[in-house]
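Naming follows writing order (A, B, C, D and E), and every chain is counted from residue 1.
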Amino acid sequence: MQKTAGLIKKRALELLADGTVTKVLGWEEGDFIYDVTPAFFDKETIDSLVFSSFCGSNLSKYLIKACKEQTEGKILVFLKPCDTFSFNQLLTEHRIDREKVYVVGVECKGMLDIEKIKALGINGVTKVIDNGESLNIKTIYGEKTCERSEVLLEKCTTCKSKELVVFDEVLGEKAENENSQDRFAQVAALEAMTTEERYAFWQGELSKCIRCNACRNVCPACSCMKCVFDNIQSGVASKSNADTFEEKMFHIIRAFHVAGRCTDCGECSRVCPQGIPLHLLNRKFIKDINELYGDYQAGEEAGSRAPLVNFTFDDAEPSVIHERGNS
Amino acid sequence: MSENIIRISGINPRQCMKCGKCSATCPAFDEMDVHPHQFASMVVEGRVDELLASETLWKCLSCFACVERCPRSVEPAKLIEAVRDCVIRQKGGSYLSPDDIPEKLDSELPQQALMAAFRKYRK
Amino acid sequence: MQRIGVFVCWCGSNIAATVDVDAVVEAVKNEPGVCFAKNYQYMCSEAGQALIKDAIKEHNLTGIVVCSCSPRMHEATFRKTAEQAGLNPYMVEIANIREHCSWIHKDMKEATEKAVILARAAIAKVNLNAPLQAGESAVTKRALVIGGGIAGLQSAIDIADAGYPVDIVEKSPTIGGKMAQLDKTFPTLDCAACILTPKMVEAAQHPNITLYTYSEVEEVKGFVGNFNVKIKKKARFVDSTKCTGCAVCTAKCPSRKGGNEFNCNLDTRGAVYIPFAQAVPNVATIDTERCIHFKTGKCGICQKVCSAGAIDFEQKDEFIEEKYGAIVVATGFEILDVTKFDEFQYTKHPDVVTSLELERIMNAAGPTKGTLLRMSNKEHPHDIVFIQCVGSRGNTCRDKTYCSKICCMYTAKHAMLIREKYPDVNVHVFYIDVRTPGKNFDEFYRRAVEQYNVDYIKGMVGKVWEKENGRLAVQGVDLISNRRIMLETDMVVLAAAIQPSKGVRNIATMLTASIDTNDFLTEAHPKLRPVESPTAGVFLSGVCQGPKDIPETVSQAGAAAVKVVGLLAKDKLVTNPCTATPNELMCNGCSSCARVCPYGAIDYVEKEVNDHGKREVRRLATVNSALCQGCGACTVACPSGAMDLKGFSNRQIMAEVDAICR
Amino acid sequence: MPINENKEWKPLIVAFCCNWCSYAGADLAGTSRLSYPAEVKIIKVPCSCRVNPMFILKAFERGADGVIMCGCHPGDCHYSTGNYYARRRMTMLFSMLDYLGIDRQRTRVEWVSAAEGQKFAAVMNDFAKTITELGENVKLGDLRCKKQQD
Amino acid sequence: MTYSYFPGCTLKTKGKDLDSYGRKAAEKLGVVLEELEDWQCCGAVYPLAEDEIATKLSSVRALAAAKAKEQPLITLCSACHHVIKRVNNDMKTKEDIALRVNNYLKLDEAYNGETDVLHYLEMLRDKVGFDNIKKMVVNPLKGRKIAAYYGCMLLRPSKEMQFDDSENPTIMEDFIRAIGAEPVIYAFRNECCGGYMTVNDKALASKMANKVIASAKQMGAEEMITACPLCLYNLKENGEDCLPIYYFTELLAEALGVK
């Protein structure tokens, strides 16, 4: 990890120096080492560029705006394997300009969840040393250890792929995707419940929502110029009318709008301050699409036709939903 | 009973358009009492008893010529095997008994011939 | 705020007997925007319409709701009424309180309640209606016909006769198509050339028809009434203005090994060739793949022998751009490749031929000069076996699922012609079904059986092989007698399936015309609009739409021509105003809408927008309202809701939902 | 005019019908005097592909107890392909509602041609019966109303 | 080139020549055939019934063993090839069969048709290449008129076997050309010889064998080759006046000079 971090910084410096790029999109450390946020850098600020096990955030969405503003030269962006799917999806939707971006693919073996670390009672983290399976964590209270698999981000425990699907060059060592859990297991478990149990589950989860919009703002697929929920003309957003429609339907509509386009990057759940497992909504659609219309991974291939803007003559009838539950 | 044949064979005999190409192609046609093209319609009509008693079951070579040339993917060989299976899966339904074997052996006979005969003609 | 008038019709007792029309008027009076409400016995009558018109003028109404019968019945009537009173016709909404209410409910209270709700929904919608203007677009009074077979020729001649200029684009060096290869035609047995060649000449000489032979459509842009088409005229390397068609070059050309396509490759032709004697235009073409000059730079004999000086090795492809108001697709068919059916030994034995090959063998201009001969030894055959449905009606990967429709009849024709001319030849036909729907068709087939003693055997052939004596063994089955048939024969004729020409996919893509799983072009409606493509301005003629014989093809070609003439006769096209429109500030440019548009009506432009003072160039969807038919598929595909449908906007439909659920 | 005065509970059903087939099918049901419950209210859309899932959710949110969408039979769409897209969208939406624990019987898609007046009436009778048996739809409205424990 | 190799029971006994010459030729061609350990008989006939599982298990064991070695699986006997290839196809495409077989076998890792099954001839054509074989031939079989007998099992059903055009195959003829001889094409090369009736209906088997032999003779063949021990036996023993008939591997070994 430390080695890759060094390579990344070195490469950023080189590419800035030789004029390949004029700007760098990467990660910056905050007050704590686990407090890492996306940031743009230039020659002057590049020193603050970091790469660590807390770089879970997906940088691809930031390119939409950056591409618009970039008049000459390229932007260097660091993308982990899962982020490259989002990048491709944005290319498919013409939201970013491939010509303006220099993609450095960064191999990844999973990023860490500080909340899970804290939940183990490990606080005041100052440094994480990666020993492969286990981690040495230096804290202000001394050194602790834990299993790497215990503290991975949710999205990393069910990693969909360690393949970089788009890049100009690659840094780091390729990781194996052997320990990844079945990413549809949780969805299947919910499907196996009774209707009442499922309702209770979702009522419990969705009632926690405070409509902070973090999920929407971080989602690379939710990048509309203007969101329907912010648009009076859409007929769904009506904040001014004491209308609860938006409140109630927000997550369903959001999931539907990204259905077939969501790459399952897991950012929605990662950023949710209430810990709502929003990825389970998106994955439900992905699972349904795979089962009903054939396997499809958004972003795997730039230019592919998303399942909801496609059809075959012998698609399943909507009544399969009714039949499925009765069997 | 027809359902059983359909289930075992995995074939929908209603796809047959009665063109007869299976019978036109079958190398053992002249040895058979019920001909390949009749299998599909007889299964549809439920005349399975006649099929169970048919000599054809023991004359079909499973050479897949009918399967290959059938324009409707009916694959008569599969229907015939399904009927044959219905016979040999019954108690006492075996067509071949180990006692019959010694007289049939000759020094050059490859064992796969015996193996095949046992697989096809008894359970 | 709108000023809305509500007009409740009694429809005599049809509505009034079950719906309390007074109560409805009372109930809607206080709805938002409503400033006038009245009921009347027959709203669609002269007096009823006058009532509406007066109310519009008197109360300065900006929108009206008519509670009456189905909009499918009288929406057009009331829109006209509104227009006469100076109101935009799209400010009219109908609440269907007859078919959807009074006629299906018995309880008056229940029906009245429902009528009120339906009226409210219509009022809620009208509140959000905006005046719409039906657009207009000019019509280019010229038609393009793609394909110069009998279908294309007939369409072109009919359009040209109506007084409109027509261009025919034909990819081969001559017009005439498949029909030119046929010997005789069923069920009258007249010679194909005798009825086709006059049409070819007529087309060539017609003042309104321009032929582009040896040409292909390269690009199609635009929309109904205004297509821009780029046509590639491939270089013939012969100056067609100088060539006299004397055929000296074709006779002298030393490169003679290659097959002659016109005769199904049963004989050969020179590298410079005229496909057949009656070709139109009667001009030679050099096949550069085979020409010695093009391969080695030597030879040039044709140039030397041409007294007209027409050979031009330097000729280049030419591109023509032309505008058309309508396009007829008449790309025809080809014969299925039967090499995949080698149980019949087609690739192995020259005496196994397709029916089209037999046509050439029987034709006086064919490889045997019209004498029926075996291709293997040029001897007279004594027995011929016909095998039907080769590649048709199957569901495996080598078959077509459809019936090719023409084979039963042409086989009866072949059988009859052979028996007529060579009574010593025995003819056997293996068939699955004989399908002869058509005028005088079954009678024709029965004549083959009854008068000409053709041996029809119900059953298929399983295998064909060569015997020691060079004849063919045919192993088949007779399903009627349930026995094996073994025949020895001299020739086997395969009734191969027909399929759409390969190029049709490309053309369909250019035209955004849809094709089915078999590559046949789809019609706008299978019964009521059989010669129109769902893409406005594109019409279908001949086998490109589905298997058909010559009489059917000619009828369809005429029908397509009438549709074209009907279109070209208009000076302007009125376009449906209920089209999709994108909101530029909300459009992401993501292409989702374009992917679901069945008409190719959505395009993208890079355009500078002013988003609340911020200027930037964005990729934006634009809708060609002349192409858009208003289905709304794009509006749902659009994640941001930037795409909306005029007349059925998101807000309008939501308002109806609200009103119903209130 | 007073509505719902001390009556037994009646469901509210919204039916989206495409202009070319199903709306005409509903007209034919009317012309043939085939009755179905007055609770069914039809909204005309040009094509089933115009039906945005948001319309359906909006209907539920506003108190509808059942929503049914009718379109041309697959292959017969006036716009050739609209109902194919609608079919996928509705399948996905219904699946999601089911996943959230909303009764899957409250939504339905039926293909009704202009000639199928009989079918239209039969479908509406059946759907209304199903919805009546299910009772009032409260779940979607209450989806975010779990009482917090602490 | 290293492959897993499934010889099958007959190749260990009555069909030894097919195996031994095949191995010798492979060695000469630089192909390593690693015989699977503990292989079991494939069952000799492919069970057509959709509900048969037990009769498919031994093939799956062989397939899984090759998968574990990450090698394609080479077969030589037509019958073994037919059975193993089709069982593999079932494991790949028929979910219920794969599920039931895997439940039954309880392998370390579920088997879902991952192994590539190649017939020896396919290996010659697609991996070694007939052109290369031609170059390595030391004793070209010049002037020999050889009829290839395909039989039924290699070719059909073509959508599963994907071996060659089932009505007009060329692989064995190309092979014959590669070893310097002249192929003879005849009508019955892809028709059944009836070999599998040999146990219970010798008369039928012999009638059908005669048809094949007559067809080959008619087209001027002087000898025949096959890949199937059962066909070889039937043509030779039950056919009247059979032409000299060999396993194709024997002629390959001869041409390569390792016989």
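Assume contacts are C-beta pairs under 8 Å (C-beta built on N, C-alpha and C of every residue); 3 or more make two chains touch, one makes a residue touch a chain.
No experiment lies behind these values; they were computed from the predicted model shown.
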- Smallest number of touch links from chain A to reach chain B? 2
- Message: Going by average Cα coordinates, which chain is farthest removed from chain E?
- Response: D
- With contacts defined as at the top, give the pair, C-D or C-E, that has more of them. C-D
- Item | Chain of greatest Cα-centre distance to chain A | B
- Innermost chain by mean C-alpha position: C
- Note on the structure: Per the C-alpha centroid definition, the whole-Å distance linking chain D and chain E comes out as 60
- Task: Please work out the Cα centroid separation of chain B and chain C, and write it as a whole number of Å.
- Result: 47
- Taking each chain's centre as the mean position of its Cα atoms, how many Å separate chain A from chain D? 35
- Note on the structure: Within chain B, the set of residues that touch 2 or more other chains is 65
- Item | Residues of chain D engaged with two or more neighbouring chains | 53-54, 58, 62, 81, 85, 89
- Note on the structure: Where chain C touches two or more other chains simultaneously, the residues are 343, 396, 463, 596, 637, 650, 653-654
- Chain-chain contacts, ordered by label, are A-C, A-D, B-C, B-E, C-D, C-E
- Item | Residues on chain C engaged by chain D in the complex (per definition of touch) | 23, 26-27, 70-72, 96, 98-101, 103-107, 110-114, 116-118, 121, 514, 522, 525, 534, 578, 596, 598, 629-633, 635-637, 645, 648, 650, 653-654, 656-658, 660-662
- What part of chain E is in contact with chain B in the complex they form? 8-10, 13-15, 41, 43-45, 47-52, 55, 77, 79, 152-153, 155-158, 166-167, 191-192, 194-201, 204, 208, 211, 229-230, 233, 236-237
- Of all residues in chain D, which touch chain A in the complex? 53-54, 57-58, 61-62, 74-75, 81, 84-85, 87-105, 107-109, 139-146, 148
- Item | Residues of chain B that touch chain C when the two form their complex | 15, 17-26, 29-30, 35, 37-38, 65, 69-73
- Item | Residue numbers on chain C that touch chain E, as the complex places them | 339-343, 345, 347-348, 396-397, 463, 465-468, 473
